[in-house]
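Same chain, two partners: chain A is paired with chain B first, then with chain C.
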Partner chain A sequence: MSALELLTWARGSGLALALGLCLFGIILRLFEILSLGRKTDLAPARTVTPGSGWRTLLSRSLPPPGMLSRAPLTYVGGYVFHIGIAIAVFFFVPHIELIRGLLGFGWRGLPNLFVDIASIAAILAMLAVLAGRLTDPVKRFLSGKGDWLAWGLTFLPLATGYAAFHHLAENYTLLLALHILSVELLLVVLPFSKLFHVVGLFLARWYNGEIAGRKGVAS
Partner chain B sequence: MSASYERGINAFMEVIDAPVASFFSSCVHCGLCAESCLFYTETGDPQYAPIHKLEPLRRTWQQEYTLLGRLAKLAGLAKPVTDEELAAWSPLVYDSCSMCGRCSMVCPVGNDITMMIRKMREGMAAAGHAPEGLVTATARSITSGSPAGVKWVTVQAQIKRMQAQFGIEIPVNKEGADYLVLMSSWEILNYPEYLGAVGRIFAKAGATWTLADDAYEATNSGIQIGASDLARQLVGRIVAAAERLKVKCVISPECGHAYTAIRWEGPNLMGRAFGFEVKHILEVLDDLRRAGRLKLKGSIDKPLTYHDPCQISRRGGVHEQPRTLLNQIAPQFREMNDGGTMNWCCGGGGGVSANERAEALRTIAFKRKKAQIEELGVDTVVTACANCRVVIEEALEHYHMDIEMLGLTELVAEHLDEEGI
Partner chain C sequence: MESQSKNAVGAALEAAGVSRREFLGFCATLAAAYSLPGTAVDAIAAALEKAPRASVIWLSFQECTGCTESLTRSHSPTVEGLILEQVSLDYHHTLQAASGEAAEHAREEAMRAGSYLLVVDGSVPLGNPGFSTIAGVSNVDMLMETAKDAAAVIAVGTCAAYGGLPAALPNPTGAVSVSHLIKDKPVINVPGCPPIPVVITGVLAHFLTFGTLPELDHLGRPKVFYGESIHDRCYRRPFYDQGKFAETFDDEGARKGWCLYKLGCKGPVTYNACATTKWNDGVSFPIQSGHGCLGCSEPGFWDQGPFYKALSMPTASMQKAVGAAVGAGVAIGAAMAIRNKAAMTAAKAAHEPVRVEDLERKS
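And now, the complex of A and B:
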């Protein structure tokens, strides 16, 4: 298979397959979680706060008082790489065109220079959090294969995308194919790995906020 | 039924629900829960990272409730949870977690780790891996009505003492009273002044109240050990007394886990909503204040601070009331750093103080509270949980700190406006 054939497959059947498996996996995982159900809380709520779960969806994105100084690398590194990746994925013009081709709609992209800076920041932040995971006693102790896999699967598309954009290899076609394949690998593995937190955290934060809110605590 | 490994695993499977599954599905091992846990911050030992304490429960979830986990189990690729592993986890689940809930406030993906520890203890107790101290306390609760073995005759003696000391009437088994007052073992044994304070405040406020001779103890070891069937029995005694006496409200004493047991877990343990309200004593005092029935005068002319009991503040939502009350009588009231719902635990909640095995670790963990108190430069600490009070008093003694501990209800009683109302 030539690089062009690989790229063609990755852009066509490969992408469709990866998106399908990702969607199927997410639905399966959501079913696994939600089908377990939960008992109705018979203790009367202190105050009726229907918005507490939704509030926590947002509030948990900010460090609670005193925590930023205790774990600056975790918070700052986390913000930079998540925001950097989001900018690269959703505001790089070729990505938006791909989304437009798939969904029929798109939006305005950001200048390449801006996306480039965001990507570099994300790459550096990911390397920093990796160093943190390797050296911090707690993170190193907690980390298992799944954590290293999640880091690798996230870093690959970022690194290959950056390399392709800057033509860092002679065979651009192959580099682009590898970039798309790395994204597809991430999509397929996402539902069954630590990467599922991108979906699961919405449930987890909502439950947390709702449980605490019933007691009159803003969590 | 006797404890066994099988019962433990079955209990794990029973307690896993959608929130637990969503929590385990979202953890990315960021380690922030450790930074919020005093058992880690004061020891630096990574095994005390809160999420690690749940590992056997997590693997049970993965192997029983996820497709990939089940396939791995069928193929013999999954590492089973063993009885030896549960035994090894017992100190992590019981000694190094006071269920203070700080990690649940900090987790960036929103995991309520404390709620999962509470659930995990159900399996640990069923498997026979609860610590001896808690097992004994729970057994005593069932046989004698109190984890410390306090009998009604002891309460009667304290009633007589308080009546004589304060010249008040302490009603017993009075039908139709507004409030049924409960106490914790510590209050009966160490701080009977609480009872005297309640009597004085209610007499002044014109509230009717009663004790019940068959339901005076609010401490619930069943909650701490993780045995819902026993917790249900203990709560059931209070519910039966409240219904027999037709009271409007049951008052949880200055005890954190007692409040959680009767207020938040009680109806769920009993499987029905109660026909009466359940309030913490601080909520009642603030209600009376707002109704103009509790007037205070005078002030404490010294700097003091308030230690938020975790189950009352962070896990119970009673964090404004103590401040409102203190601000009326303590002009030099100073907030601790991280006060309120982010306050640090005393280290002895969740059954840790009843667990002799945890004593050395608890003393180390107290260094966090010690630092909080020292940086304020106060000589007086007020709290609203008798267990916190005992734990802090013991630790202050250990660290040779000359700090006075006070109960907030007693403090309020000492500042009643005798001419008011």
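And now, the complex of A and C:
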């Protein structure tokens, strides 16, 4: 199989397989979570705080008072790599064309220079948070295989995408194929790993915000 | 060039009216293409002038004659064209005057003389020998017989290099490339549909000058011509970097000459010299004429997804995969939820309340 054939497979059957498994896994996990259910809370709400759950969606993305100065690497590194990845994924023109090919609509992209800067920032931030996780004894103790797997699967598409864009190897076609395959690997593993937070965090934060609000700790 | 043998390339060029200035210009172009220093120009010129006219046998199999057309008719005679003409083209059934047994006799004579270059255009059908024959001889038999004593084999065009259009799915004739069959000697692939004239003459000139074959890439192509992608050498590349794209073939972006990526240009994954040497004596190339690159110098380009979809777009509809995934997810998820609910109900039914007396009871 030549590099071009591998690329074509990744754009066709590979993508269909990865998307299918990703969607299947997400639906399965949502059924699993939602069907667990909760017992009806028979106690009256302590405070009436409509929208507490929705506000929590945002408030949990902001550092609690004092935490930014206590753990700057965690917060700044986390913000930079999440925002950097979002820019690279949603504002690089070839990525927008992929979304257009899948959903039938797209939007204007950013010039490559901006996307490149965002990608480099994301890569450096991910390396920094990895170094922090490795050197901090508490974080290291709390880290399991799932954490290392999630980091690796997120870093791989960034690294291969950067290498392909900058032609860091002679065979660009192969690099591009490996980049797409690394994204497909991420999609397949996403529902069954900690990466599911891209879906689950909305449910979890909303529920926590709502239940905390009923118990008198509204956000 | 006065002192050259009548059979030398230099003498032939002189007889054809090529000036010394034109000849040295061609040598300088070759030196630049091969990244040689300026001092190499004289060496190339001297070697080419003295080089005996190499015997060339040109076999055409499952092809459209586009490769020959490209080399002989794309522009008025140039030094490149003359170089090609002045090799001793002993057999080429489109161009030679002889036909029938006389033509085959010419090929056999050239083979007997030995040390010839074998140029092949077109793919070779393995499905049935009768799919393509010349003088009653199957393509595969003629190729193997002629290649046996060839100094080198040059596969011209994507069909000869990779199977090309005849090998496009479902490949009804079982078409294969030349390198699929010849394993015991170097095969230089000069792909393209058709290939650029100066590329084939450049390969021939390299062989005549140095007596060796040029450095090849992993697909057997001369690196000097196929070392960089169309995209990297494209004059529209700055527009790609700026995020300026033609959305249709007749919108403002197209009129302004913006990047054709969104219209399906395969330049990023296509390695060829179109963007640098161009066509028709350096006049233009497909992207300059407003159409994206089709990737014709890459293996199996015909089957690598739609021509008019951006390179990052899916090559096929994802509807079936998405439908199957959602259906399976809902069905299995619902079954799992029902099972969990039943387990919770059973646990509730089996629950035994614990009273204070039970806790205080001493065993």
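As a convention for this text, the second predicted complex is superposed on the first by the 218 of 219 C-alpha atoms of A that agree within 3 Å, B and C clash if a C-alpha of one lies under 4 Å from a C-alpha of the other, contacts with A are read in each partner's own complex, and residues count from 1 in each chain.
What we mean here is this: a contact is a pair of C-beta atoms (placed from the backbone, for glycine too) under 8 Å apart; a residue touches a chain by one contact, two chains touch by 3 or more.
None of these values were measured; they are calculated from a predicted model.
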item: Clash-or-fit label for the pair chain B, chain C on chain A; value: fit
item: Superposition-derived angle with apex at the Cα centre of chain A and sides reaching chain B and chain C, degrees in steps of 10; value: 170
item: Which superposed partner A:His82 touches (first chain B, second chain C, both, neither); value: neither
item: Partner chain in contact with A:Glu32 - chain B first, chain C second, else both or neither; value: both
item: Which of chain B and chain C A:Glu5 touches, first, second, both or neither; value: second
item: First (chain B), second (chain C), both or neither touched by A:Leu19; value: second
item: First (chain B), second (chain C), both or neither touched by A:Asn112; value: second
item: Shortest span in Å between Cα atoms of chain B and of chain C, once chain A is used as the common reference; value: 6
item: Common interface positions of chain A, toward chain B and toward chain C; value: 28, 32, 34-37
item: Interface residues, chain B side, partner chain A - complex; value: 16-23, 25-32, 34-36, 40, 44, 46-47, 49, 51-52, 65-68, 104-112, 115, 263-268, 270-273, 314-319, 337-338, 341-342
item: Residues of chain A touching chain C in the complex; value: 2, 4-5, 7-8, 11-13, 15-17, 19-28, 30-32, 34-37, 93-95, 97-98, 100-102, 108-113, 167, 171-173, 176
item: Partner chain A, residues of chain C touching it in the complex; value: 218-219, 229, 232, 240-243, 245, 261-262, 268-269, 295, 298-301, 303-305, 309-316, 318, 320-322, 324-326, 328-330, 332-334, 336-337, 340-341, 344
item: Contact set on chain A toward chain B in their complex; value: 28-29, 32-39, 41-44, 46, 56, 60-61, 64-67, 70-71, 74, 78, 136-144, 147, 150, 192, 194, 196-197, 200-201, 203-209, 211-212, 215-219
